[in-house]
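Each chain carries a letter (A, B, C and D) given by its place in the written order, and its residues are counted from 1.
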Amino acid sequence: MNATLADLAELRATIRDWCRAHVPADWRRAQTGVGDDEFVAFQQAWFQELRRAGYAVPHWPAEWGGGMSAAEQMVLYQELAAADAPRLVLAFVSIHHAAATLLTAGTDEQRRRHLPGILDGEIWVQGFSEPEAGSDLASLRTTARRESRAGGDVFVVNGQKLWASGAAHADWCLLLARSDPAAPKRRGISYLLMDMRSPGLDVRPIRNALGDSHFCEIFLNDVEIPAENLVGPENSGWQVAQATLAAERGMTMLELAERLGNVGLRSLVETCRRPDAAGHRPIDDTLVADRLAGFDTEIAGLRALCRDLVERHDAGTVGDASQAPPAMRRSQDRTAFGDAGQAPPAMRRSQDRTAFGDASQAPPAVRRSQDRTAFGGADASVVKVYYSELLQRMTGFGAEIAGLAAQTELSKPASSGWESGRWLLDFIGSWEWTIPGGTNEIQRTIIGERGLGLPREP
Amino acid sequence: MNATLADLAELRATIRDWCRAHVPADWRRAQTGVGDDEFVAFQQAWFQELRRAGYAVPHWPAEWGGGMSAAEQMVLYQELAAADAPRLVLAFVSIHHAAATLLTAGTDEQRRRHLPGILDGEIWVQGFSEPEAGSDLASLRTTARRESRAGGDVFVVNGQKLWASGAAHADWCLLLARSDPAAPKRRGISYLLMDMRSPGLDVRPIRNALGDSHFCEIFLNDVEIPAENLVGPENSGWQVAQATLAAERGMTMLELAERLGNVGLRSLVETCRRPDAAGHRPIDDTLVADRLAGFDTEIAGLRALCRDLVERHDAGTVGDASQAPPAMRRSQDRTAFGDAGQAPPAMRRSQDRTAFGDASQAPPAVRRSQDRTAFGGADASVVKVYYSELLQRMTGFGAEIAGLAAQTELSKPASSGWESGRWLLDFIGSWEWTIPGGTNEIQRTIIGERGLGLPREP
Amino acid sequence: MSAHSSELAVAAPADAPGVDAGTDEGADEELRAELRAVSRDLLAAAAGKDDAQVDWALLAEAGWLGLEVPDGLDGAGVTVAETAVVCEELGRAAARAPYLGTAVLGAGALLALDPGDDRDELLRALATGAPRFAVALPTGDAPLGAAGVPGAVPFRLARSGGAVRLTGRAEFVPDAAEAETLLLLALDEGDEPVVVRAAPGQPGVEVTATPVLDVSRSLGTVAAVDAPVEAGSVWRFRGDGRAGGRLLLARGALAVACDSLGAAEAMLAATVEYASVRHQFGRPIGSFQAVKHGCADMLVSVSVGRGLVTEATRALAAASAVHVADGADGVDDAAMSAVEVAVSRAKSYMCAAAVDVAGKAMQLHGGIGYTWESGVHRYLKRAALSRALFGSPTAHRARLARHLDADGAGGAR
Amino acid sequence: MSAHSSELAVAAPADAPGVDAGTDEGADEELRAELRAVSRDLLAAAAGKDDAQVDWALLAEAGWLGLEVPDGLDGAGVTVAETAVVCEELGRAAARAPYLGTAVLGAGALLALDPGDDRDELLRALATGAPRFAVALPTGDAPLGAAGVPGAVPFRLARSGGAVRLTGRAEFVPDAAEAETLLLLALDEGDEPVVVRAAPGQPGVEVTATPVLDVSRSLGTVAAVDAPVEAGSVWRFRGDGRAGGRLLLARGALAVACDSLGAAEAMLAATVEYASVRHQFGRPIGSFQAVKHGCADMLVSVSVGRGLVTEATRALAAASAVHVADGADGVDDAAMSAVEVAVSRAKSYMCAAAVDVAGKAMQLHGGIGYTWESGVHRYLKRAALSRALFGSPTAHRARLARHLDADGAGGAR
């Protein structure tokens, strides 16, 4: 179902009206300095508000409660950003990673069990990284030993997970564990759904650079997971994980770009238009004006990148190496965490459609000329590197312009991103985008090898 | 002989007077667009002018015609730069590389034969790089086969050299060739002095990015070099070459820094103070003013780096790992071209004194605290990276400010550096500093491994 | 901040995906892909030559000059989006051809004028490649200043002794020295921008070549001193002359941005190619992170630039279509501002990025990159010229900043 | 361009190598090396603690507070160059101590005053650590503006009802909240800068703490509203009060630059350490060029910054010595300008570089770097505060640019 221009304009008007009526007035002030419980309650309430309007999981298939086309989702995220609606922070893993995993690789039973649960507010956490397996995710050491029990087989899990964002509030965990210690690194890993109330689990918060504790360590001590919670074939967890990580990109990047382009840029311009004690406005300095215009331009470029990625996801042309120019040869698939988010082309194409729209939709015609695939299998990495470093530059500049005053802002609104206008906090928070999910150093290697076909390190 | 402050002030006044009397008026205009012969004649005349004053080879030992202390040389180069004297471009290899080689590793006979020749204007060229041995110099393929002749042994040389700057005018060549093909890469190389009038030599100019041809290829076809022209032991040419390349750093970097800080910055400020058609001066834009102040600062930083390097060369503390803090561990010596200029500490210390001043001078007390050696064995690389990229940023900015007008400047004065104020030409020429002598990528690896003790690539 | 927020997606329908079911955007994309493929083949030959001169007759035969000339005048009747493809490919080949003067600015100027027999005849001729054109307009930073176009119009008409005479001077005019027909942007006696047709040989008009480092470009100065002008040589823009002038300047800036995009892509491809085959230390140099990540950065900025150039092309094509169709009523100030915002973004970003990319290419090619023969210098010089032509990045960003400040003043949302 | 060219080497003798045969520069270097080693050991303990609080009594015992207090007043009688070493080490440890308020600014202010019993007594006390001081002067960009110091003096004395009263306000005053003695920079009735001694509890004077993200720093606001001031509490600078004020501001800026140098070196060392032991993909991450070259860039900017800080320290030490020795005749405007140029270079470069280095450290530490426990955030926050305190890089560069413009106007050579 391709929407016409008129349909989209109508949708935009509808969403805009809805936002006016439903975005909580002054939520930024109200959510500044709140405790954890208040934050969770606010997130859950806002999620249900969006759900009632059909805006919570627009990217899911219609049968599960979604059904928006990519074009419609773009309109939705543009309007939510323009209205400065709260972000869905807490449900991020649930509605993106967990859902993508279930839709791509889960059984019907698993979907029926979990997708409605997510809509009702079940929170998921990702249990991938480990102390010795960060960028090099494939060296994870947590073990899953299959054993028989009266009620059926179970996996007995032991080990430690790190950077499990939101684990303290989570009901379920997407868990990667080594089920065949003898197999090569990536061949012996299984993907499991773990109930966070299981005995043997110990969740400990890790304070981040701002003193917040949404990251956690999870210690697993003989935790038993029923075998029916295995996703995909045993020892194929690595492949399944690609799908999970792929879900982090595309439309979610577009949403972030819109946030940066709305409240982010707006706040920065406002900061620079504010006269100082002597009545001088920073923006009247060509130095400041030039930087602002540069950010405006870079944001426009980021939006174009994101739109392109989303459109090609939708069109099924992302990473189609057959269209890449000869110089841009595709290298072998990388084995590293690096290529998290980079499933082999055949897999990615199908999964993308499932993850990003109703599979029953007729895919739009492949409108793109070959040059649009110039960044080959590294699209998501290009967007991630560019977004995260733009965010860092913008917030860094904001912190510089705000000067000493930036130091006096001790907390930012919960439920906002790192474009809150509390520039020093935002700046420090920006490393949350340049490090996790494969550091930008790893991303550049992916871009070089998959996007440009440069040779791997020996 | 340490000069007192008063001595130095007197020297400065003397040099300043000399410059007023001897720096050719308006040489920049006169040397713009001249042919090769005119350039060579001008360089030779200026060299002899400097020689008569004792300013041509101040860094040589007194017995050979030099004898200035490091402090005195600094004053000399500061004043020559301040007076915008022509640079000694043509004699660069002769007075630095060739002389350092002879003084460090040559025989008395070789010194007596060649050092006076250099003072009389003999031009030397460096024959190190080859098509397949650029950054990876140790893989050079030119062969030197030792054979007996009636008049004594000779080396019969075959191969091809690249980037031999000034070979078209050269009388002599510093040649590296593989004399033991069976030995490991760096163990089978010999260092030879080759008469450029030898039969079997074919010199072909290579046009550079600006269309100039001072780079050359040298084809060697059964060229015979008498064995007495071997420098250092046979098959030890790699170690001898370190000394040659080391000579490129130190005081020569200080001279470049002074050039950039005098005529370079001055031209840039002038460019930015020139009103446009509407009477607007770029410097009145905070954007431009900020960049200029940044360059002024970076030049001051560069000068400080160079002075520090020269002073420590002088004091014999360059690269003394025993004083480095524990975290800055020294890695093994690198085998790559990369470490050209980085002899093992013991060798470097002695050679530096020989190369940079009269060995009979009492070395000044080691005045530096341990932190001054923080950049360990990578001092020269730090300076090279910083200088070359600052030059590139400054000239790039100049080209941007000058705009379309920069395109109409089709040639720059011969005998000037890449800070001529013909910004686009200077900008393009700046790659002559970021690429040769070990690209800046190689230099960063040296800094990481030798300066910081980071582990080598496996 | 309407011009900078999501509203733009509504204003420029092509921005929204999946909405072209009823349009011919898909067909246009196919046309452009074919045009691109053909151009690339044709220009590949020129790229090998030292002067990269392209055979002018070949360009005319290929139909690239008359791309925007209406069907009825023997042109292809397509849009500036197709012209942009050729510009990009010329940049990729660093080719020398007076395309900017004739097909981009010449055709653009004529199409923006009120139709008429003279104009139509000239457009028909243009598509055949004879005469070659130059359009004398300000190509520096001046028109980007707060004063806007009229203050920067380089020529002025004045009546003296019964005759209309032209006086003024334009520097760095693309393809001026080779042009047989000049179109001069002038203010008439009522301060309205008009186009004056002139010939280089004509009394009072002098054209001089301006040699530049980038030998793949031809620039010149056009000067007129009390040059007598026939009434029939003074042509009015459709509708508002100011809008016509602004669209013309936007075309110039966009064409140069497209050129830089092509040049940057060529440099990226060449660097990747070289880094894949050149071995040092027993490995292809592209396997070292320093080289690999450098190439990755080039790809990132080329990708961002491509996005901005694409958006600016769409915006200009849409506005140009409206201008030609509706004249004065078509392109209001807000729409024109939206075009200029998109063009300034594309021009400032892409033209700066191309210099960086070409510079990085020179660095990563090592010594070879610094040779004349590698040809990297041709791209670096061309990119440097493109950066300054039709407004420096700084001047374009200054214009953008004024929009940001004005929008910020407009309201919180 | 005398202040920016080789002349400087003559003006500041210590710049020239090999010329210290007759001076005690060598001995000073040894003293500083020892001071550095002792400081590093002492502060290493503090570095481990979450609040990095340093025991104040320990600092006093170590003699660091009275470094510049004359021998005769129980101090060490050395120069600001030694104080700079302590500042650098405090930065390296990201330690929390009111050193800036007491030893840098407090001692600096008192030393710049005309000697007298009250002043001498206070200096003697200062060296013992009781009372702690805060100096209320402008710590933002204001004094770097074209107007110079007097326009930015935060307090003013006025006579009303027979009494002299003080009014004004200074924000972001280092160590204000913990200070027992306040020294306020004020203009007297003749518009001459003076120092007013006050106490936090005193009528009309209010001190409030300003909590900041960098918990290793203490800042506060000092406000006075018609606060009655005794005649004995108003102290005049030696010689020209304006020069005294300028030297004091230079001290503040330099101290913060030293702090940033130490912080940056600490972050570099920590990153090198981590990259050498942390393995991924079967190798220490420091063996990857992306990490290695990142560390190399950190070293380059730390090296450049160290050079600039060293030169600024020498220049300020020399000028301060002259000021104390000769009063008004000592430091003329040209010499003061030379100090300010050196300080502005050091402050703008080093404080910006430290933020970059700390940010890079966070990046190269990966996930660990983003944790509270790694402590990298402490350095990032501290570096960000240092960047703004005593003038932003932009403000310092604006001052430098004015010098460049003025020097450029002076002549071609």
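Keep this in mind: a contact is a pair of C-beta atoms (placed from the backbone, for glycine too) under 8 Å apart; a residue touches a chain by one contact, two chains touch by 3 or more.
Predicted model only: the values in this text are computed from it and were never measured.
Of the two chain pairs shown, B-C and A-C, the one joined by more C-beta contacts is A-C. Compared with chain D, the chain whose C-alpha mean position is the greatest distance off is C. Centroid to centroid, with C-alpha atoms defining each point, chain A and chain B lie 51 Å apart. Spacing of chain B relative to chain C, judged by their CA centroids, is 43 angstrom.
Centroids of chain A and chain C (each the mean of its C-alpha atoms) stand 38 Å apart.
For chain B, the set of residues touching two or more other chains reads 286-287, 290, 441, 444-445. Of all residues in chain D, those touching 2 or more other chains are 288-291, 293, 394, listed in ascending order. Residues of chain A touching chain B in their complex: 285-288, 290. Across the complex, chain C meets chain B through its residues 139-142, 171-172, 210-214, 219, 279-281, 285, 288, 290-291, 355, 359, 362-363, 366-367, 369-373, 376-377, 380-381, 384-385, 387-389, 392-394.
Against chain D, the residues of chain C that register as touching in their complex are 288-290, 293. The part of chain A that touches chain D in the complex is made up of residues 129, 132, 134-136, 139, 162-163, 206-211, 215, 277-278, 287, 336, 392, 396, 399-400, 403-404, 406-410, 424-425, 427-428, 431-432, 434-436, 439-441, 444-445.
Interface residues of chain A, counted against chain C in their complex, comprise 2-5, 8-9, 12, 69-71, 74-75, 78-79, 81-82, 258, 261-262, 265-266, 269-270, 273, 283, 286, 289-290, 292-294, 296-298, 300-305, 307-308, 310-311, 314, 325, 327-329, 364-365, 367-371, 374-375, 378, 382, 385-386, 441, 443-445, 447-449, 451-458.
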